[in-house]
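The data blocks that follow each hold one structure.
Look for subunit A in each of the two complexes below; its partner is subunit B in the first and subunit C in the second.
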Partner chain A sequence: MNKFKAATAELPKTQTTFGNKLKRFLKRNWGGWAIMLPSLVLFAFFIWVPLFENISYSFYEIKRFERQSFVGFDNYARVFRDPAFGKAVLNTFLYAVWSIAIGFLLPLFLGLLLSETVHFKGFFRLGMYIPNIISGIAVVLMWTNILDGSNGSMINGFLSIFGAGPVTVLSDSKWVIPVIVLVMTWRGAGGTVLIYLSALQTVDSTLYEVAKLDGAGVLRRIWNVTLPSIRPTIKLLFLLQIISVFQVFYEPMVMTAGGPDNASISLMYLCYKYTFIDRDPGAGAAVGVMLALIIGALSVVYFALNRRVKQ
Partner chain B sequence: MKKKLICLAIVTVMMCALLCACQPDNGKIKISVGFWPENSQKSDVAMYEEWKANFEADYPQYEIVAEPYQYSPETVAAKGNTGNLPTIFQTYFTEPAMLIEEGYIRDITDQVSELGWLDKIDDSMREQLTVDGKLYGIPRDGYGMGLFINLELMYDMGLIDKKADGTYKIYDDNGDPLYPTTFQQITEICRLTAETYDNTYGILILSANKQGGWQLANMGWNFGTKALEVKENGKWTAHLDDNGMVQALGWIQELAQEGLCYPGTSLNYNDWPAKVGSDGVVMAFVGNDALAQPITSYGFNKDDFAFVPMPTGDGTSRYALFGGTPYVFADNATDEQVEGALRFLKYIGRSPETDEIAVAALEKGFTVAQSKGMPILPTIKAWKNEDYLAIADEMENRYVNVNYEYFKDFFDTIHTMRHDEEPYYCQDLYGLLDNAIQSVLSKPASANPLTALQTQNSLFQSIYLDRVN
Partner chain C sequence: MKKFFARIGERIRKRSANHIPFRYRLRNKTEGIVTGMEYKKWIYKLLYAAILLVLLAAVLTAVIPVLWLFLAGFKDAQDVFKAPFTFWPKSIDLGKIAEVWKTVGFTRYFLNTLLLVVGSVICAVFFNGLLAYAVSIVKPSGHKVVYGLIMASYMIPAVASLVPLYANINKLGLTGYATFVPLCLLYGANSYYFMMIKNYFDTIPESLIESARIDGAGNMRIFFSMVLPLSRPIMGVVSIFAMTAAWADFLLPYLLLQDQDLYTAMVVIYNLRSSMANMADFGIDKYLIAVAITILPQIVLFAVFQRQIMGTGATSGIKG
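Moving on to the complex of A and B:
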């Protein structure tokens, strides 16, 4: 009994409430928290508040960016009825597919080539990275001019030397998306190549030597040594690529205005169009929510597949 | 202690920086001017600075603040919702209904009446700027759509001759025009262009930024369509798939099939000066208020082009889309600001006044345009009072620096050919017509103009016109 009393008498001193724990945690790391505070405030202000506002907007009739009345799923229904939405969903998936076919494999290939380069490595590295430092809008404007469908454009002038052309790829609904992805890849591949390159440099060279001794050729070494060694990087970049391409916006906006006849319109561009051109922020918010759900679902699928592969 | 001192010093520096950023309030009524020229336009800025100085000297209670803002339907929402629209800014005649509905601009009837200007505004323009009996804007000028023709290329192709004095002969000996007056004639010239040149096309057809639709509406009227929005049984109905519109889109399809128009499905109004200025096209449909652009931006010779009336498609219908630029006033502008901004219009030569200040400002505009080598042409005036018209016409005649014969037919017929734009959601209508044009330009061999227009017609009815009904 005495023992029990003694134990309970001790309780208030040793009991650790959540508040105390938090206080101690903050006290122990106050320097770190002080450094992070501005970023946290900005993050909350610029990311979380707009995110929740957007979700809320999608259920309201909006005028001058202020809620007028709750309309339930009306905004979603209106978006679903618009033929442009179906096209935008399909196009966004097409952007993703073409982006994997072109934008995902090409940097990996270039990274492998660059890692094997002996001479002028710095030159090639810089050359590949330069498009990254040019403004995105400047890049798409430049390519829009190069790919202009007239006889006098750069691409058609070049093709005419060989008696080919003229081509009007930006006006062709079949080719417009792959061409836009190609331009996006031209600009963005350099940065991805450098990430691959740094991953490739961490591969243990003794693995290559052992593989060589076992008689493995170049392709076999890449398949059995290189790719497994940099798999985490490949997976990360794959996911980032999907997420970023689902948000493709200014490239179709500047190069084709989403055309011809909505053949290159993306979900992000449709969201902008509803909000700022059609002055229907409720519908724009609904598209934003649906886009977030699609990306979230893809991420879940990706992680589930990844876990299964690991097992 | 040291840490505290450092923190104190940082806070002091930040506070000082904040205070330095604050401008002292001089107690004057500020008028921000959205149509103020951009800094890169040195001579225009100097002219506006002079006008500002004159105004502020006469009205010391006001301060004019430069706030260049190029209106666009995409940016007005962001500025309007945050209360950042300039006190006075320019827009299009198609916009006031939307701007009023969204609450971005204010009623100025009382202020304009007080100045005695209300009855001096051109009747048609005033009607377009009046909603429910209230005036929401002051017209700057009007424009009519017409056909820009590169005369040098026409001469080079043997379609026109030169007179003894070296000028182009655009009428035959009977006085009939040698320039195209029908869409069929345009097609013929386009065919000849394709046979003659490798890198020059007959005509530029716009297809993006709502400007393709803007042109297609005019073509549709000229192929026989009366209106794209019709009030039937008390309800507004869309007529985008009217026979005239189908014919007009079919004409574009024919050009695209034969490769006669400049290729592309994202061509907009910013492209035309470059395509014309680089001899990329022989003809383009443009507004008369934009004719200076190829000359000032691309070095096109001002004596080598003509601007003629829109052609007819069905042989009888011949209209020129009539639009213009009004000055409108931000919703949060006070009565005093509106009064000041209206008075400032006199100091820049954009009022119906004819006193010394107004006339000097009007003349200043001409002399600066002349010094920049701009083509000086007649304009479609916003005011109808005879004393103003007499002075403005006399000044135009004195400064006009192009061969007026190349423009005469357009200006002689614009008042009978003018066709106002559609009353509701006009810019949105143009945007949907862009899609129809793009669909025939991207698949000229297989596209069906009727189907393309029917699709856009049902969208326009359900998304926009039903809002009005």
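Moving on to the complex of A and C:
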């Protein structure tokens, strides 16, 4: 022991200086960091730097996408004064309500039904999933032609068989949001059903046996056994649904341009509209910052839930 | 090829081994909310029939709009939205597809899209793979900070910081096909792909890596000759995801690709909506065919990789 102490005492003092520490750190880790570097540059360029720059942009006057002069909260003030912003916030709320009523409950319902079937299961799964594979923009263009009433639409041709219609849902401020949510659900439901399906397969079937022995009917079994068993998944998908509401974009952009009279404008579309249509990137950045904050807060909750699901 | 058929044969044999004849399936049902015993009662049988009907309705709702799109294009322009609605066109003239393909000039746009897809897949696998390798296996000190940063920005969509992102890419001053470089590289910075790959790498036994290191293999050598071959399944899944995502990519290509020669298929069909008014003899029917043409590769892709796409979507528990 003493010998060891003596040996270390003889070592030159420089051993512990910062420079040497750094050298040692680099020697041990340069390989790992060299591997990460290219990817880190990409992450920084595409995600991290824009995220922070966005905050800075939102406090500057911007011309031709260059920061000109610091203007404090001017951009935010301009956004808050714009009636379209109030409308977008209100719409986000409406989108949320409708997407919970339709987009959240429908896949859960279909997932329950699908997990009960023993016939054509693969066919049902596949069929429901098909809309998922089509690109968002093509889906929206397709539905515009099905629903848009301006120069004839598929739906009106179809309704005329029964002598009904014509409907102009996309230019009706009352119907435009539920219809957009329906289109979103049409595209997304199949994927969500699959997630529920895999969760439902893990439900302990002895619980059903016990419930049956207690004389529980089908609805009772669903309410007291099935739903509690998959509650973590339900919570998770509920949150994802809410998060996705804040990102509604292609639908208002293509189907309605946010109209009629801003009735379907969403926060994401508002951000795009300020930046590229109204040529006011400062306001766009301000909306982007608010969006990032909201989604960031929601994703913190999401991760807390996700951790519990995995346990 | 021989291997391929052998695998299919294996799958069919497996399936027939636990295959229950159609009529006995309900009676033999042991799992789920309602089990076989109860299905002896007629009320439950009725309920089951109702379930099948609802599911059939759901599938029809999912499929019919797409089918309509594919069929309506074969009608004449004035018949597409005609009042007595007909689902089937009078005739299916495949020559019309070729005609639309030529008028729009899809060859060039499909090649552009292909370029974007190939570049994106390479970037997605290579850059996310390397980063996951470093964080999961090499673990230089400070790798936890990197991991934390990626997780922190996991859910926030890139579009929320659209303004600086667009400005920064624009500042690079890229023209021509160089504009595709950032569009592809964007897929190299994807937290979702990174997580999928990292979770897979975490399952590779450490002893395997250790033994390679003792044999004197460097980090890169281990990555290319050991980790990559071992992780072929997850790299396949990430490739398929990146493939479909790049094919469907719209907003950034739309904003960044100013030159019409550089358009991708999605940008073309979006712009076609407004430009078709100026095109002679290009009605709604041909427009619908154009949209259908851009959807077709996605359907083919799905048909080929159906198992991988639906498998991970269900098990990862996270929506893409």
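Assume the second predicted complex is superposed on the first by the 246 of 311 C-alpha atoms of A that agree within 3 Å, B and C clash if a C-alpha of one lies under 4 Å from a C-alpha of the other, contacts with A are read in each partner's own complex, and residues count from 1 in each chain.
Throughout what follows, contacts are C-beta pairs under 8 Å (C-beta built on N, C-alpha and C of every residue); 3 or more make two chains touch, one makes a residue touch a chain.
Computed from a predicted model, the values in this text were never measured in an experiment.
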Since both structures carry subunit A, what do subunit B and subunit C do when superposed there: clash or fit? clash
Classify the contacts of A:G259 with the two partner chains as first (subunit B alone), second (subunit C alone), both, or neither. first
Contacts of A:F85 with subunit B and subunit C, given as first, second, both or neither: neither
Is A:F65 touching anything from subunit B or subunit C once the two structures are fitted on A? First, second, both or neither. both
Could you tell me if A:W33 is touching subunit B, subunit C, both of them or neither one (first, second, both, neither)? second
Hey, is it subunit B or subunit C that touches more of subunit A? C
So, A:G191: does it touch subunit B (first), subunit C (second), both, or neither? second
Return first, second, both or neither, reflecting whether A:S115 touches subunit B, subunit C, both chains, or no partner chain. second
Of the two partner chains, subunit B (first) and subunit C (second), which one does A:F276 touch, if any: first, second, both, or neither? both
Partner chain in contact with A:I134 - subunit B first, subunit C second, else both or neither: second
Clash check vs subunit B: of 237-245, 273-281 or 309-317 in subunit C, the offending stretch is 273-281
Across the two complexes, find the residues of subunit A that touch subunit B and also touch subunit C. 65, 151-152, 275-276
Subunit A contact footprint on subunit C (complex, rising order): 22, 25-26, 29-35, 38, 47-48, 51-52, 54-56, 58-63, 65-66, 68-69, 72, 80-85, 127-128, 130-131, 133-135, 138-143, 146, 149-151, 153-168, 170, 185-186, 188-189, 191, 218-220, 223, 244, 247-248, 250-251, 255, 266, 269-270, 273, 284, 287-288, 291, 294-295, 298-299, 301-302, 306, 309-310, 313-315, 317-320
Residue set of subunit B touching subunit A in the complex reads 73-75, 77-78, 80-81, 98, 102-103, 198-199, 201, 207-209, 262-266, 268, 280, 428, 431, 434-436, 438-439, 441-443, 452, 455, 459, 462-463
Touching subunit B in the complex, subunit A uses residues 63-65, 81-83, 144, 148-152, 166, 168, 170-173, 255-257, 259-263, 275-279
Report the residues of subunit A in contact with subunit C in the complex, numbered from low to high. 25, 28-33, 35-36, 38-40, 42-43, 45-51, 53-54, 56-57, 62, 65-66, 110, 112-120, 123-138, 141-143, 145-146, 151-154, 156-158, 160-161, 186, 188-192, 194-195, 197-199, 205, 208, 212, 218, 221-222, 225-226, 233, 236-237, 240, 243-244, 247, 249-250, 254, 268, 271-272, 275-276, 281, 284-285, 288-289, 291-292, 295-296, 298-299, 302-303, 306, 309
